[in-house]
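Okay, here's the structure, questions in a sec.
Letters A, B, C, D and E mark the chains in the order given here, with residues in each chain numbered from 1 onward.
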Amino acid sequence: MEENSHILSWLTFTPLIGALVIALLPKRNEFAARGVALFASIIALLEAISLWSRFDGAYPGLQFVEQTPWILAIHADYFVGVDGLSILMVLLTAMLMPVALLASASIAKHVRSYYALMLAVQTGLFGVFTALSFFHWFIFWEAGLIPMIFIIKLWGSDGAERAALKFFFYTLVGSVALLLAFQAIYLATGTWNFIELRDLASGGALATKLAALLKQMGMNVTPEAAGMALFVGVFLGFAIKVPIWPFHTWLPDAYTKAPTAGSMILTGVLSKMGVYGFLRILLPIFPHEFAACATPLAWLAMLTIVLGAVAAMAQLDLKRMIAYSSVNHVGYCILGIVAVAHAAGGTSANVNWVNEKAAALNGAILQMFNHGITAAALFMMIGFIEERTGRRGIEDFGGLRTVAPVFAGLFGIAAMASIGLPGLNNFVGEFMIFKGAWPVITPMTALSLIGLLATAVYLLTFIQRVFCGPLNERWAKFPDLGTRELLATAPLVALMFIVGIFPAPFINLTNAAAMRLVELYQPAVKAVAQLTGM
Amino acid sequence: MEPTTHIPWIASRLWLIPLLPFLAGGVSALLPRRYRKLSAGLAIGAIGISTLLSFCALAESILRGLQPHAGQQWSAMQTHEVWHWLTEFTWFSYGTTSLKMGFVLDPLTAAMVIMVSFVSMLIFIYSLGYMDRDKNFTRFFTFLSLFAGAMLGLVVANNLLLFFACWELVGLASYLLIGFWYHRPSAAAAAKKAFLVTKLGDIGFFAGLLWLYHATGTLQFYTPDHTGALEQATALAGLPGIMGLSLAGTIALLIFCGAVGKSGQWPLHVWLPDAMEGPTPVSALIHAATMVAAGVFLVARTYPLFQASPQVLTLVAWIGAFTAVMAATIAVAQNDIKRILAYSTVSQLGYMVMGLGVGGMAAAMFHLLMHGFFKALLFLGAGSVIHGCHNEQDVFKMGGVKKHMPLTFWTYIVGTLALAGIFPLAGFWSKDEVLTAAFNWGSGWFHKGPFVLGCIGVFLTAFYMWRQVCLVFLGEYRGDKAKAGHKHVGHEEAETQHETVPGAPHESPTVMTVPLIVLAIFSAFMGFSGLPEHANLIHHFLNPEHAPHNVNWFVIATASALAFAGLGLGHLLYGLKPLAADEPDPLKAKLGKLREFCRDKWYWDEIYEATVVRFANIASVVVDFGDRLLDGATVGLGLLARGLSLINDKFDERAINRCFDGGCGSVRLMGRCFAALQDGRVQSYLRLVAVAAALLAFWFFLK
Amino acid sequence: MLDWTIYLSFLGAGLILCLPREQKALIRWIALASGLLGLGLALGAWWSYNAAVPELTKQVALASDPIRAAFRVVCDVPWIPSLKVSYFLAYDGINLPLVVLNGFICVTGILFSWNIEHRTKEFFAFFLALIGGVYGVFLAMDLFLLFVFYELAIIPKYFIIAIWGSTRKEYGAMKLVLYSFVGSAAALLGILALYVKSGGAAGPGFDLLALKDFKFTPEFQFWCFPLVFVGFAVLAGMWPFHSWAPTGHVAAPTAASMLLAGVVMKLGAYGCLRVGMMLMPIGAKEWAFPLGVIAVINIIYGAAVAWVQRDFKFVIGYSSVSHMGFVLLGLMTLTTIGLDGAVLQMFSHGIIAGLLFAVVGRMVYDRTHTRVLAELQAMRLCDIMPFAAVTFVLAGAASMGVPGFSGFVAELQVLIGVWRAFPWLAIACGFGIVLTFAYTLQTILRAFYGERRVADEAGLRDMPPISPPEKIAATILIALTIIVGIYPNCLLNMIHLSIQPLVTLL
Amino acid sequence: MTTLAHFQILASLLFAIGLFGAVTRRNAIIVLLSIEIMFNAANLSLVAFWRYSPHPEQLSGVMFAIFGIAISAAEAAVGLALVIVIYRYYKSIQVDEMRTLKG
Amino acid sequence: MDTAFIILSLITVGGAVWAVTLRNLMHAVLSLVLFFFGIAGFFFYLNADFVGWVQILVYVGAVAILAIFAIMLTHNLTAEDEPEFFSLRWLTGLAVAGAVGAVLWFAIKNNTAMSQVAPVGVASNVADIGRKMMTDWVVPFEVVSLLLTAALIGSIVIAMEQISHRK
């Protein structure tokens, strides 16, 4: 690990610089815009790889920290750093963006704006995954959102405006709840700093401060109730972003109507912002509240998984189907995270419980990464289909494997990864989540297994209807993947295999930080367990 | 890779056996379609080396069994000791612990691995001929290699997770190969069905795996320090599980779900007959010899868990027995040559499962191994017939093939008799073992039930096999000699065949017949490795802790008698007077509705269609609708806010602005009143001024 | 030196009046020059004050009169000694940002008015006179003087709107003037009461800094505070006295809209703070909750009404009402952070509202001659004037309170203050924020990103391109909101310095 | 004895008469003349005050009267000129018809 | 109250009343001349000789003549539509004049200073007036002279302009 390097700042702002360069390019020069965008994203990727190579997975704390005072009046710092919770997300963001840009060749109008906005989104994402102070973090949280609205609206398919607005308002309601809650937290503690807040929370000082504030304000509310209210506010912010059932209804529309690359980034990384919020903010800052709410949350996670997958079965629009699949897959992450906080086994002296929870947490982080790759690949390939045929209906195709065997094969791999086939990436994450969650929240985990089956049902139906059967003569000239498309697909597919077969390097990155979080949780979990007699 | 000390080199390099086919598969996956020979060569080479290595493993194992041990008499047959050669490695670490994986070489592995690799190799070679003209020849070998790798990996795994991973991969390979002729909608549907139905069982398996992992803290079957998952089975038997079972029983039950799915046991057997949509070598390899037996192997592998829970074993036995008979009855009424064999496979798998359930693990494994040879033989024979008859699969359109394909005929006869359990072929010995185990299971009708069902199954097996032999090989050729191709094979199918010229059936090429011969030899003689009582090498090898059963003449006699009865009845109905073309099945007249019931597979598909599938569809539609409602509700909230905003706007317009305008209006009105005074006449002003001044002054003075 | 901002504006106005009316270019350049000079002076003062903030912080901490310690006196000469009125100009961290804001709005307003051809001379003269008056209000530290400038600023407003305005311009202008006068009458009553109660000429007189040390009785403060506060707040668009704002903004020409929403509304809020709250802290405390509730109504009501407007400019007009609600709410929290936020919001909203009105009035209306959103929607302006679209998107984002823009920091602080003072209102504000996003986004999408459904494609293409003065002005304002959004220290430090001692009064 | 009051009451009476004429008559010339009566009444009052004042040497009343006369002369000149103009314009000097001041 | 006062009073009041009531304009002006003389008489009576002469010169000599010229120029010797006696107009006029008169009478009556007798030896000579006019009252004097000039020119211009217009 290294201190005093500005690599994170550089990483964050590299895409933004690219976006500015694009904005300054002459209007007609679309090729240059594409080139600059790809170049900037690749530079960012190289920076991320350099970051990764210097990252010390065994160290549980923050690395590459930069902290300087920023806004004195509200004690806001510029504070960035990465640890095991975020490094994979940074890598994922860096990696998906060049791929998404490669998949954007069909963008024909407002080319410069498109690439500039995509890069702006990337900066927002990097910011979210590296920021450690709420103020700073929230800027990027919202900054990623606005360009996305325009990407959906301007380059999306029919009805994109409605979808974009729905997406926006859902997220916005969450953000506002989040913001309000954090203002109250700041009022109580005087800090925006996630790390300080975590330490305060685990030491119980947060509750004390909250109580003091309430007393000072003369409010007739118990600190527990106040803490719970704040928890609910923050939870809402992330639950909508993730999304957790029943806050998910913005998702199918947004993912479906967005342009291909937009869907890729939305599902690949943007939805991870919410999960990351759980990891970075909700879990550490609200240990007692989270532990107390863990059972209902586990049910919600289960419903997200099962209902997402079951709803996907009913979809006739391919993109919508994969969108629902995204709901389902992100639900696994939440299941793993809830397992960490759940009180079951809290009173047991068995050290095994800690390991179970560590497994669940590692699994959740890995699942974020994996789903980012897999879902992005699926959306991208549906995008290829749509570019070629202009259609997305499941009944519109048939027998495409005959004319596009390579495409069919790669799609099959991605679909199998999504189904959770061993040897491919999703399996590892899902296995760890289930492994960790099983003993902790057995009924929900067991019911969640239905999700695995349902996933197989709709994805195989997809393959059956689109790629198998007699060739639909209408698409007899359907071209197989071109070089550019192969170039975009290959890294994702390669990663599916790499993570699926050798997950150790990835888990090693996250394990120390995950373990620390789990241990941090033990007192809260114990307290709640004693209270509920688990 | 950390090999434990003092184990043979093959045991520490066991991973090579699955790895080679995997590599072959991986490389040929990247090859363009035109590299047909390279792909096939890679696949066959890899599986050949794997087979050699498997031989080494078997040899080492047998030698290990022969070695003297301290304080024990020199007797290979008497070592009551379970032994494993283990290697382990860490897949990844998490928390303070790590997930270890490993490979095990023990008798079970050794026996299974040689069967799998050997049969695979033969079928690979056979496929060279069978798939010769297929344009996706390269892909076929890719998938076959993938399958072989996964299957071998499953066999050598010392870890339930690794086992599960390979288990899923064989499922994938099965899916890919059933759907190999993807342009046929039926094939694509069958592939999906196979994957999903087995996946259903796998969900249970996965749950059991998770539970086992939590309960024991490891997924290794065996560990050097004897803390493996299976080695803790006794401890688990003391813990509570669900539904009144012990924890061990619960986990065993869940794991058995996986076996039910993969091994085509009732109620998840429905996929296996449909899987015959795949090319015949695939049916032979995956859906007869190896993969479907993996379920049985899984139970055998995790047998300590099952042993810890008698209730689960009982359930296993009954499911096996029921499946054996049910599938046999269905097989009786089928017309498709491959479907008959498929139901036969289901039935035989039922025997194996029954064997497991009644405590005869070694017997079940023995039957598994033997079944692997003779069922592969039968399928390949059937493939050869289909090949020879220009893709005809309906047995009523065959007949008299004996004349044209003598080699196929004779090998097929060997397979048939072996399957029927005719002395001294392999099937006789293995089925006898299973039935003996069932017979010895316990007393009372409940415990004798599986045995009785097994006996019925023996009769039915012999009957439907002989029916098939008669219909296919005897009599005259009933097919349309002038017509090439097959009615339910599309025109593209034609290119998978050698010749499309019309004409009589013909013998298959050497590359296909050699495997038939080899398999026939094995089917005929392998049974001697499992003679009853002390000569039961297999039993001693696989299950040294339990003594083999004594010879039970009652069982032998009953089974043999029933088998002969079945053959006789078959010959009576079909052999004596060969059917003419378009003549209906004699059974139709004799059994009537019952035959229809059997022909329609007991309506299982329809039942599932009406229940499970419909439920899933309805559920998905309901959930989707619920989502739309939810969406509508949120949109409604937005509209509500908008409505309130409109009200606000009206308020602004009607109340606030009107107040202002009204205020201004009243001021103006007042102004108008005063303006009336201002009539423009100077004198009026003057008057006003005067009066005002007067009043002012008056007021001033008064003050 | 800062008093020269006032003189320069009036001098500029006078000089322009002396020029022949045909010399339009010269008139514009003179106006711009005087605006720039004023801005330069304001920025110079800002620079030196900002540099002195650490030093001043120490002095303030030690001073016996910390509020006065934060001040820098520009000039202080007796004016009407018999009434104890003096010509007293001074600035601290509260009014200095507003002076700077006025400078920027002046310069950009002139740039956005570059195309005015109708009675150019009078327009710029009135404009500069108005600017001078506003400078005067912000700088005056003598109540009498403050009031004189306050009234002085009303007159040119009327003429600018009534002569150069558009929709219902006489109505709008008259409404504005009436509201202003009624408000200022109430305020004047309060001011006179303050003067009399404090002893008239024998007491501290009209000197704000001296008056603040006079302890008015609580009973007096209880009735006088709302008089003064509401009197000033009418100009800040306080509900239900807000209705002049949308009408006035809509009727006004671009530069005047910018100035109205950008600066004039701040005059009211500034008066509330400086006169109402500083002089009558007890009254402020008594009235904090009801006025806070009204401020929240402002926020939600303004946003809700803006959401359903059909006229582009009305949306922005009501948005100003909504945003000023944040200022008033921040003031009513009576906490340091809330007041910090309120003052910053004054600055921030000044910039943003200026930008929004510039886009609506100058860039869009002057070219399309329509402000009906449905008609604009059919034009899909993002293809025709991308610069305007991007500007409006950025301005809209800033207006929504997207982090990274100045509005966010300000509203964040206000809301923290609200949490401290009235937690339940904070949740209500949440709804307000959602509504703000709703109308802003809807407006952005409708005005610029609709579906092209216009038959007259050529007519669209023939629109004049965005001119350099517009681009320069828009860039200045965008840069400002981003700079303040990312580095709010540049203003917050001085605001905080001056607010802190003020809050100790409360 | 003639007291100051006599003069003042007389002046008041004359003033009232003048006022009566000014508000009653319609002819502009008569109205003007009525105003002259009021002027004279005022002058009379002023001179009377002077006569009875404690400091007659300051001559204030006289001075006022002289100035008043001067001003009323000017007024009469202008007024009558206006009357002529009005007559030309309206063909009438009826004050009732002049209503441009109406609000 | 002596005889002179009574006579003068009767002349002035009578002149005034006739002036405001007579319908014939010329008669009204002549009554006014009578009134002017009466006032002049009062001035003499009050020892303000100079003012008296001025009164005669200005009013009788200038104003009355001007009025007569005006009447003749407007060809309007009789006011045709003058209000009848006891019309509403008369009554309001009476009321207004009465009210003002009453207030003045009331004020005079309640003032004790009004009952004083005229001091002896009070007189104004022209020299004193001239001196005063050039010292203490010089500014008003100048202003009034300016005013007179302006009025002179103004009235000429007003009348001229209209004449030139008519051409």
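To be clear about the criterion, contacts are C-beta pairs under 8 Å (C-beta built on N, C-alpha and C of every residue); 3 or more make two chains touch, one makes a residue touch a chain.
It should be emphasised that the depicted structure is a prediction, and the values quoted were computed from it without experimental measurement.
By the document's definition of touch, common neighbours of chain D and chain E comprise B.
Common neighbours of chain A and chain C (chains touching each): B. Of the two chain pairs considered here, B-D and B-E, the higher C-beta contact count falls to B-D.
With every chain reduced to the mean of its CA atoms, the largest distance from chain D is reached by B. Distances from each chain's CA mean to the overall CA mean are smallest for chain A.
Comparing the centres of all chains, each the average of its CA atoms, the largest separation from chain C belongs to B.
Once the centre of each chain is set as its mean CA position, chain B and chain C turn out to be 74 Å apart.
Centre-to-centre separation between chain A and chain D, using Cα means, comes to 98 Å. Centroids built from CA atoms put chain D at 58 Å from chain C. Between the CA-based centres of chain C and chain E the separation comes to 63 Å, rounded to the whole angstrom. In chain A, the residues touching two or more other chains are 169.
Multi-chain contact residues of chain D (touching two or more other chains) are listed as 19, 23-24. Among the residues of chain E, those touching two or more other chains are numbered 92-93, 96-97, 100.
According to the touch criterion at the top of this document, the contacting chain pairs are A-B, A-C, B-C, B-D, B-E, D-E. Residues of chain B touching chain C in their complex: 638, 641-642, 644-646, 648-649, 652, 656-657, 659-660, 664. Those residues of chain B lying in contact with chain D across their complex are 674-675, 677-683, 685-687, 690. Looking at the complex, you find that chain D touches chain B at residues 19, 22-24, 31, 95-96, 98-103.
Residues 1-2, 5, 9, 12-13, 16-17, 19-21, 25, 28-29, 32, 35-36, 39, 42-43, 46-48, 50-51, 54-55, 58-59, 62-63, 66-67, 69-71, 73-74, 76, 79, 81-83, 89-90, 92-94, 96-98, 100-101, 104-105, 108-109, 111, 113-119, 122, 124, 128-129, 132-133, 137, 140-141, 144, 147-148, 150-152, 154-156, 158-159, 161-162, 166 of chain E touch chain D in their complex. Remark: chain A residues 166, 169-170, 246, 248-250, 252-253, 307, 310-315, 351-352, 354-359, 362, 399, 401-402, 405, 409, 416, 421-423, 427-428, 431-432, 434-435, 438-439, 445-446, 449-450, 452-454, 456-457, 460-461, 463-464, 467-471, 503-504, 507-508, 511, 514-515, 518 touch chain B in the complex.
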